[in-house]
Amino acid sequence: MTEAMRDSVAQLEAVSAGYPSLDGGRRVLAGADLTLAPGEMVALLGPNGSGKTTLLRILAGTLAVSAGRVTLFGRPIESWSRREVARRVAVLPQTTELPAGFTVADVVALGRIPHGRSWFGDDPADAAAVAAALRDADAEPLARRRVTELSGGERQRVLVAMALAQEPRLLLLDEPTLHLDLAHQIALIRMLERLRRARSLTVLAVLHDLNLAAVFADRSLILDSGRLIGAGGNGRAVDPVLASRAFGVPIQEAVTADGRRVLTPAAVHQAVD
Amino acid sequence: MALRVRLHSIPAALTLLLLVACTAPASSSSPSASADVPSTSPAAAAYPVTITDDAGREVTIDSSPQRIVSLAPSGTEIVCALDACGRLVGVTDFDDYPAEVSEVADVVIAAQVDVERVVAAEPDLVLAAGNEITPSSVIAQLTDLGLTVLVLYPESLDAVYADIELVARAIDATAADDLIGDMRQGVDAVVSAVEGADRPRALYEVFHAEGATYTAGEGSFLASLIELAGAVPVTGDAQGLLAAEELIVADPELILLGTASYDPSLADPEAARDTVAARAGWAELAAVRDGRVVPYLDDIVTTRPGPRIVEGLEALARAIHPDRFD
Amino acid sequence: MRAATVAPPLALGPGLGRSTVVIGSGIVLLLAVSLAAVAAGTSGVGVGDALAIVAHRLLGIGTVTWPLSSETIVWELRLPRIAAGIIVGAGLGCAGTVFQALLRNPLADPYIIGTAAGASLGAVGALLVPTVLPIAIGGWLGLGLVQIMAFAGGLAAVLAVYGIARGRGGTPVVTLLLAGYAVSSLLAAGVAMLMFVSGDRLAAVVSWLLGSLAGASWPRLAFAAPLIIVSFSLLLLRWRGLNALLLGEQRATHLGLEVEREKRILTGLAALATSAGVAISGTIGFVGLVVPHLLRLAFGPDHRLLLPASMVFGAVLLVLADLGARMVGGIPVGVVTALIGAPFFLWLLRRSLVVHD
């Protein structure tokens, strides 16, 4: 095991994986490599069906790979039990539905399940973790509300709080901005920034907005034909050539009034007449 | 039977009492003591008695039962016909004969055996009915509680006589021989009255609904009674079910509506004939064409396998051959 | 920068205090209902006598002032029925809650994946054996052939349904529900066929299918009670898994739950409790369906409280229903639970209580 491997939060080496399908197995990921360093914020981009969610599931330990090696916190991922993984890795899924009848605080408390020790669950450590999670996710005022009364943005914050209650070191987000308006998207990004510092989190987020990725991430990765391609980072826009190839549409770069580079699709109107 | 259950049972207690009474020194035995206990008559030697009931169960009765529960009307009638009506402490709510049984508490209500009431009656003998008329689970439950249960299910006249003798032996009654003798005489009288008469094909309707007719089952008790009454019974399968097509092939010449005993709308012969003729395929039957559809009002005595079965036989013969009876 | 304010301690979940009150009240209610059931019956055993008999047999206090028949009635007839009502009611309430969480379906009840149909086929088959084989098949440990076949049939059906629904990636809940429906329909057809040829035994068959505690006896309880108690004791410890499953299987996995293993364990334990209950009491409906819904409405969906509450109040409901059944002419208790349960269920539907997946 190399030094780098020991320090890394997660590592994929030549990983192939995919959901079994009727035609005998579609390989969604083929020979993908990835290393996540502690404290990184990484954006994962790519067209639909390219395997982003598959990748997240592999990192969360819920999907087995058909080839290659997956390492989590320095150990092969198979050596962790499901509970041990859940104590270190939290996933924010795409759907924001929550079971009816719970208050926000109780839903967030579900995040303590991997840590659960006492029979009745009255551990003060749990209460403290939930309180901290609510605070960090800006969901404290919602604590006693019923989940059925929440707006989409509020539900998102509750789900973030639930993920934080797991006290993870790695946070995986699957299209967290999908249901949010612009203001809330930016608010989420800012929150993740804050969390990264406050909790020493490593964050991997699947995003569909190329420009948001540039703002948000230390690194952006594009999934193209089952492989991960580094495409930018540290405030630089994603490479338009790589993006064009991955998404299959011409993408060009533009410069905003304040000098930032942004990407936009080119030649949208050409086929209309 | 588990010994612990036996020790709880009243027959055991009574037996102990009897033994104590019988072994008391002769000089100290008082007239009043022996009046309660039939200790010096030959009948005392009859107990304990082991009887094989109609379900094949071997039942031992330790002493003369004084508290009898009957779970079916036929059993009640047998007990009363043996002059032991006074010993009944529990009957069914369907019991209607003789009149004095209406004074006795009901332990079977709407055909449901109330086990609690049976136990509360503290019987030393329970007469049950076979073929699931008293559910076998109830019989098992009563036996497990330590009660003495005899199951009766006679399927012929001879079996009725045998059951009367069986009950008489169980309860130490003496009227059995006379009763059976009277019954045999009654049967002989009916048989000779209808001798030589034409024997029509007769359908006894037990129940009819939606194309299904229930009549006497093949080889059943009811079928044998119809034969004795001077007719050829049209029979169904083992449960008495007769399919419509088979009924038409059988073409009965006489229809006895047992259902008229319970359905007032069939009491009038005209109305009965019309109702029957309206059924699909029935209008072509010989009985309907010849107007021989008879509302039969004596279903109870005809189908209750007890001492009054001879009255049922007589009613059948009267309905089939009215000209042979005045 | 504001000074940090001390927030009041956050109450999580149903709370130990509140839960104790709810369960405690339930147990008190259960005791009260049980005492009422001991004292009530059709035979006129007095209330005082009935209670004195129980005290005498259980605690050895008091002198015998009652007839032997009263003692038999209270100890051999009423008390086993009440005990059966408690045990079976608790098992059904618990199993119903588990299946509703596991299958994420508000219409789920303990019988939904085949237990009722399998047990019915076994029991009805056993009921008809005497009509085919002239020999009487003796019981074993106080159990008749009917109880043994019902128990075996219930478990066999669940095994079959689970086996059919199992796929490469696990056992999807929807497949489980559909397989349960299909297998139940097939077995029900078998039961219908047997009913058609049952002849004189039809009344006994119908009575069993409607469910009744009339046949309860101490030996039968000795068989069913340990199984039910063990299974719901083990289920009580698994409340975290049940809560997690409310989020859906994917998210439950992310929270550390071995979902497929958990589903197997939950199904197995709940099916065990249900089959043991059905073996001694027939297929009593509505208890396992309505009790969890009502309790969820009253106390919330957290299984920490919902599971033990569904056991206690399931027991209360069944003992009450059996008391009603006994006093109204000995009708099968399944009729009473249907009469109580169906209107409640309609009322629940109108309140649109649905758990979102």
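When the chains are written out, they are named A, B and C in that same order, and each has its own residue count from 1.
One rule holds in what follows: a residue touches a chain if its C-beta (ideal position, glycine included) is under 8 Å from a C-beta of that chain, and two chains touch if they have at least 3 such contacts.
Predicted model, so just to flag it, every value in this text is computed and none were measured.
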item: Topology of the chain contact graph, where touching chains are joined (line, ring, star, complete, other); value: line
item: Identity of the chain that, by mean CA position, is farthest from chain B; value: A
item: Chain A and chain C: spacing of chain centres that average the CA atoms, whole Å; value: 43
item: Between chain B and chain C, centroid-to-centroid distance (C-alpha), Å; value: 41
item: Centre distance in Å when chain A and chain B are each reduced to the mean of their C-alpha atoms; value: 83
item: Residues of chain A touching chain C in the complex; value: 20, 60, 62, 82-87, 89-91, 93, 95, 97-102, 105-106, 109-111, 113-114, 116, 119-122, 126-127, 130-131, 134, 140, 143, 166
item: Of all residues in chain C, those that touch chain B in their complex; value: 41-45, 67-70, 72-73, 76-78, 130, 144, 199-201, 203-204, 207, 214-215, 217, 326, 329-331
item: Residues of chain B touching chain C in the complex; value: 8, 10, 109-110, 112-117, 119-122, 131-132, 135-137, 140-141, 144-146, 238-239
item: Residues of chain C touching chain A in the complex; value: 7, 9-13, 16, 19, 168-169, 237, 239-240, 243-244, 246-248, 250-251, 253-258, 296, 300-302, 304, 353-357
